[in-house]
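Two complexes come next, and they have one chain in common, subunit A, joined by subunit B in the first and subunit C in the second.
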Partner chain A sequence: MSDASHDHGSRNERPEPSVDRRSLLISTGLTAMAAVSASVAGAAPGFVERLLRERFTELSPQRKAEILDQLELEYSQRYGREVSVENTPPMDGVEFAYGLDIARCVGCRRCVYACVHENNQSRDPQIHWIRVLRMEKEHGIELAESTAYYEPAKVPEPDAFYLPVACQQCRHPACVKVCPVKATWKDADGIVVIDYDWCIGCRCCMSACPYGARHFNWSEPAIPSEEINPKTHYLGNRPRPKGVVEKCTFCLHRTREGRYPACVEICPVGARKFGNLLDESSEMRYLLREKRVFVLKEELNTQPRFYYFYAT
Partner chain B sequence: MLKDIVSFVVGSARLAFRGGRLYYAWLTVLGLLVVWGGSAWWRQVTEGLIATNMRDQVSWAYYIGNFTFMVGVAAAAVLLVIPAYIYNWKPIKEIAIFGELLAISAIIMCMLFVLVDVGRPDRVWHMMPFVGSLNLPSSILGWDVLVLNLYLLLNLVIVVHLLYTAYHKRPYNSRFVVPLLLFSIPAAVGIHTVTAFVYAGVAARPYWNSAILAPRFLASAFCSGPAIMLILFQILRRTTKIEIKDEAIWKIAELMAYAMFLNLFLFGAEIFREYYSDTHHLIHTQYLFSGVHGHRALVPFAWASLACSVVAFLLFLFPATRRNLVTLNLGCLLIYTGVYIEKGIALVIPGMTPDTLGEFYEYVPTLTEVRIGAAIGSIGFIIFTVLCKIAIPILQESEEPADPERVQAEAA
Partner chain C sequence: MHGGVGHVASDAGGTKAFSPADFPDIEFDRELLPEVAEGGAADAEGVYRVRQPLAYEDYFPCSDCHGDMEVNLERRQLEEMHDDIVLDHGPKERWCFDCHNPDDRDRLRLVNGTLIEFDQSYRLCGQCHGTIFRDWREGIHGRREGYWNGAKSYLLCAHCHNPHAPRFPGIEPLPPPVRPQFLHAAAQGSHDE
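Moving on to the complex of A and B:
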């Protein structure tokens, strides 16, 4: 029930009646208190407004636009170059899915770092949305025997194969179910997104995720100005504040405009596939039809949109 | 009416400030601990949760463990309310209010532990019903917020009503307060069940994903809460004029023996399932009890907890040792230690070690976390001390002349 309401609610531009009551409560009750504390603490202007801001998805289109402008200004000042923040909605008739050919992956981790750059992950401490696990050939896919910390002179290693793991964009996302404040939801194109300005950082979703796909900003994320990707999305790769959770969004700032995710583009061996499940002629549909695919931890009934396969 | 309320508030405040040297020394020590831990918290707020040793692999730890333990302590009230108001057993009825005072202190500590654990304490209002966007019915943490607040409110109303009427030397309104007391029993069961469900509902963590987690929570809570209670009773008996009968203490100790038996039995059932079926899921239990790949940080704690619980069970099982104040107090300390480790360390951390992709990150708390924990513990003690300081004289003064009246009221 809550999933469905999110899917549509996120694009519902009409304010609900409850919003008025909520704004009233907030503005009367909390503004005075916060204003006093902010003036005492000598906080920057906008602090109070930000503290009391409502959930982005429930705001009017004008208010959303204002906030996007504000964010653009803030990021542009912080990184010394023009940063755009879009809120591109899901495309109609599109449900994304991902395919990964384990037979091809050589474990080079170019995807990991392409993702870090594309999606403005923190460089210090490092956050990686993609984790490449090195598996022993003799064990097969066995997480308990895998490691993400392999450092050979050359990949691929003869006795190993590699399993990259990122957000599986589940159809039954356990992370969305447990969030106490509806800060994360499944959009209409199947991408599970997070509102970084609404997340309270309780990390229930990180407990609930079976794939270790969610990452927390344990400190203020640090990105060198010259490395910032200035093309950003509100629900995707815009710079995150400290104390909130983030994860892979299938590069929605690119894919909602018809481009491939950065990891698909960078992969030197073509192990990564991406496409629209609703389009019969898409690469993903071909893959599901012609190859034998599997998903990780199918017994948990998360129903991932992320399919693994062996092409050979 | 208004005059009565004002005089109650002023009178209570006066009682809170009227204390001997020992009282003020105690509060000063606690206050210093709050300052010591508070400064650590301020550092954590400015730097972020990087000040803790939690990381993506072990993303809940010391704070959430303490939260879980304190939810258990808040149950203490129920073990007093049941004999007092269901079985109408007078020796416990006289002291049941201390269980509620402890529950109030414990719930406030729970909320503080959650507050220091979240990454954005400035946004906790997002969890407020109507004002924020509480994700009901699907989020168990959302339900936990509701039941914890309800339980706090319930105990506050009961305590304020009892003290307010006693202050004005009137009998309490049993038609108002007894239903609330009875309702506090399922409410206490509720806070445990819902807190257990926060863990048990997580399919990604097989160590938590167990149907007997909620019963285990209840069983261990009915040991740890009363263990603190019994020690506090003896302190109160010495430092104040309040009378607490030995039979009340023995009865509570007997109930604790049953609870401890259940706790150990359920633990044994879980251990059997894990080791006999010997699946991949066993690795979390192995990490706890024997260590895996040289990661052994929790092993001494796990065995210490088990030893404490078994010895305490034996001490409470035999009437001779549970009626001897020395062995009784030893048993209480052992139970407290055993359950604190079980809920604070051995539940949360092994559930996340190894993480969902098989990685071992060995967590031990930082000094920052321990300091913040000490500050929250001290806040809890300050609240409990001051509440007792107010409650005891009010109850005693009303007891002496008004006793026949009160008996009449209860009969009616």
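Moving on to the complex of A and C:
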């Protein structure tokens, strides 16, 4: 196949045989550019250029920095305050894992709203990355019988227990496998990330995910500017455009700088644990050694990094 | 599974969207302990204890009152002072001097007679709750804040559990997510664009 395309290339005096979307769009000329620009009238400066770029992981450091600068400018103008967009890479020798003590969780949903606050989810239409499922003690873990809409005056209720579910950061992520454009991938520290500028909004990943962890921006996300978290990451909590998929990233803008995720710190009962799997002295390693641990839907072989456990 | 808007009872929950800004009493932007903020990720060994405010902070030291008082070892209903304390901790026979020290009220006393300061109260709790004490020391029981690879703060038992009635009291849950059929209004808005 490569021979054939090479022949074809040499006949047309084009040294580059493969046609990616960048060269295709450029070769169609300036009129096409104008047409593209016109069709996205009102789009922020730099938007069309970003459409024409290489895959994010393949960009040169300078080009990445330019894109981050453009985004910072765009967000700062949109929200009327300074917004930073980082691209903090994974740390060497770090693989993240998460622990959740379902013997402790009281189902108060502080984590759900702390996550929205931290990660700039749309307020309207509402997007929550964490979903807390209420289950009957009598039945045990039974996803089909669970509900996310419980609303008692006080939690915990005597006959119930609670199972918060967000992205499980699988080692074999079905969502990554199905993405037709490779807009989502697994980084070296185990976090499954999404490039919102590359996502085409086909939602294949949402139907592939067995945990319901991915969420779609059906309309332009609305966040009041005073509620924006101005510390953002390109692959994480930066404001999303309409028509892309988003999900939990273990707060990578925090955790790649050493901080605990926001949900860990807000939890009033300390049910949430986080740490480095490769560090033998970490909380996570102690937990995996000493506690009864399980993962959700183990039979699917997604191999989550999110461990539920029962402490004494 | 979801049904239409009419299929949901009006009091079923999940019909209205709330945002973090609707809960001003909850501290979503959490301040780190100064030592933790300063140490950051570089301070790999740093584990800092959040100071435990005493229940009778304004009255401490206890010996101000109890110093001249005769010790009454009798089990009784307290009336003049400390009458707000309700003991609901393990067996009915529980009494003040199981933990408080009759001869020096400014300290607590372990079963073996060792006197400890109030800020070491976890040693007292650990006498009975050994497995939880062990988990707490390793960061599995209780909440830690700060840096997973560096400085972090932790709380004492009595921050979250009232030692006189330690069961965690129920709290009001934040509201449920909006059911998909009630997102309709927002979706409609986007179609009009």
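In this section, the second predicted complex is superposed on the first by the 263 of 312 C-alpha atoms of A that agree within 3 Å, B and C clash if a C-alpha of one lies under 4 Å from a C-alpha of the other, contacts with A are read in each partner's own complex, and residues count from 1 in each chain.
Quick note on the criterion: contacts are C-beta pairs under 8 Å (C-beta built on N, C-alpha and C of every residue); 3 or more make two chains touch, one makes a residue touch a chain.
Because the structure is predicted, anything quoted here is derived from the model rather than measured.
J.: With both complexes overlaid on chain A, does A:141 touch subunit B (first), subunit C (second), both or neither?
T.: Touch status of A:141: no partner.
J.: Kindly classify A:258 by the partners it touches after superposition: subunit B alone (first), subunit C alone (second), both, or neither?
T.: In the superposition, A:258 contacts subunit C only.
J.: When the two structures are overlaid on chain A, which partner does A:295 contact: first (subunit B), second (subunit C), both, or neither?
T.: Neither subunit B nor subunit C is touched by A:295.
J.: Quick one: is A:219 in contact with subunit B, with subunit C, with both, or with neither? Answer first, second, both or neither.
T.: Both partners, subunit B and subunit C.
J.: Looking at the overlay, what does A:267 touch: subunit B (first), subunit C (second), both, or neither?
T.: A:267 sits against subunit C, while subunit B stays out of touch.
J.: So in the superposed three-chain picture, is A:311 touching just subunit B, just subunit C, both, or none of them (first/second/both/neither)?
T.: Second partner only, subunit C.
J.: Going by the contact rule set out at the top, does A:112 touch subunit B (first), subunit C (second), both, or neither?
T.: Second partner only.
J.: Regarding the shared-chain residue A:198, is it in contact with subunit B (first), subunit C (second), both, or neither?
T.: first
J.: Mind working out whether A:277 is in touch with subunit B, subunit C, both or neither, as first, second, both or neither?
T.: neither
J.: Which parts of subunit A are in contact with subunit B and also with subunit C?
T.: Overlap of subunit B and subunit C footprints on subunit A: residues 125, 131, 148, 218-220, 242.
J.: Once bound in the complex, which stretches of subunit A touch subunit C?
T.: Contact set of subunit A toward subunit C: 94, 99, 101, 104, 106-110, 112-114, 116-118, 123-126, 128, 131, 148-156, 218-220, 224, 227, 242, 255, 257-260, 262, 264-270, 273-276, 279, 282-283, 286-287, 290-291, 311-312.
J.: Using the touch rule from the top, collect the residues of subunit A that touch subunit B in their complex.
T.: Residues of subunit A touching subunit B: 2, 18, 21-22, 25-26, 30, 51, 55, 125, 131, 133, 143-148, 165, 174, 177-183, 198-204, 206-212, 214-220, 241-245, 300-301.
J.: Within their complex, state which residues of subunit B touch subunit A.
T.: Residue list for subunit B touching subunit A: 47-50, 52, 54-57, 59-60, 114, 117-120, 122-127, 130-135, 138-142, 145, 198, 201-205, 280, 283, 352, 354-359.
J.: Help me check something: in the complex, which residues belonging to subunit C touch subunit A?
T.: Result: residues 12-14, 17-21, 23, 26, 28-30, 40-41, 131-132, 135, 138-150, 152, 155, 160, 168, 170-179, 183, 186-187, 189-190, 193 of subunit C touch subunit A.
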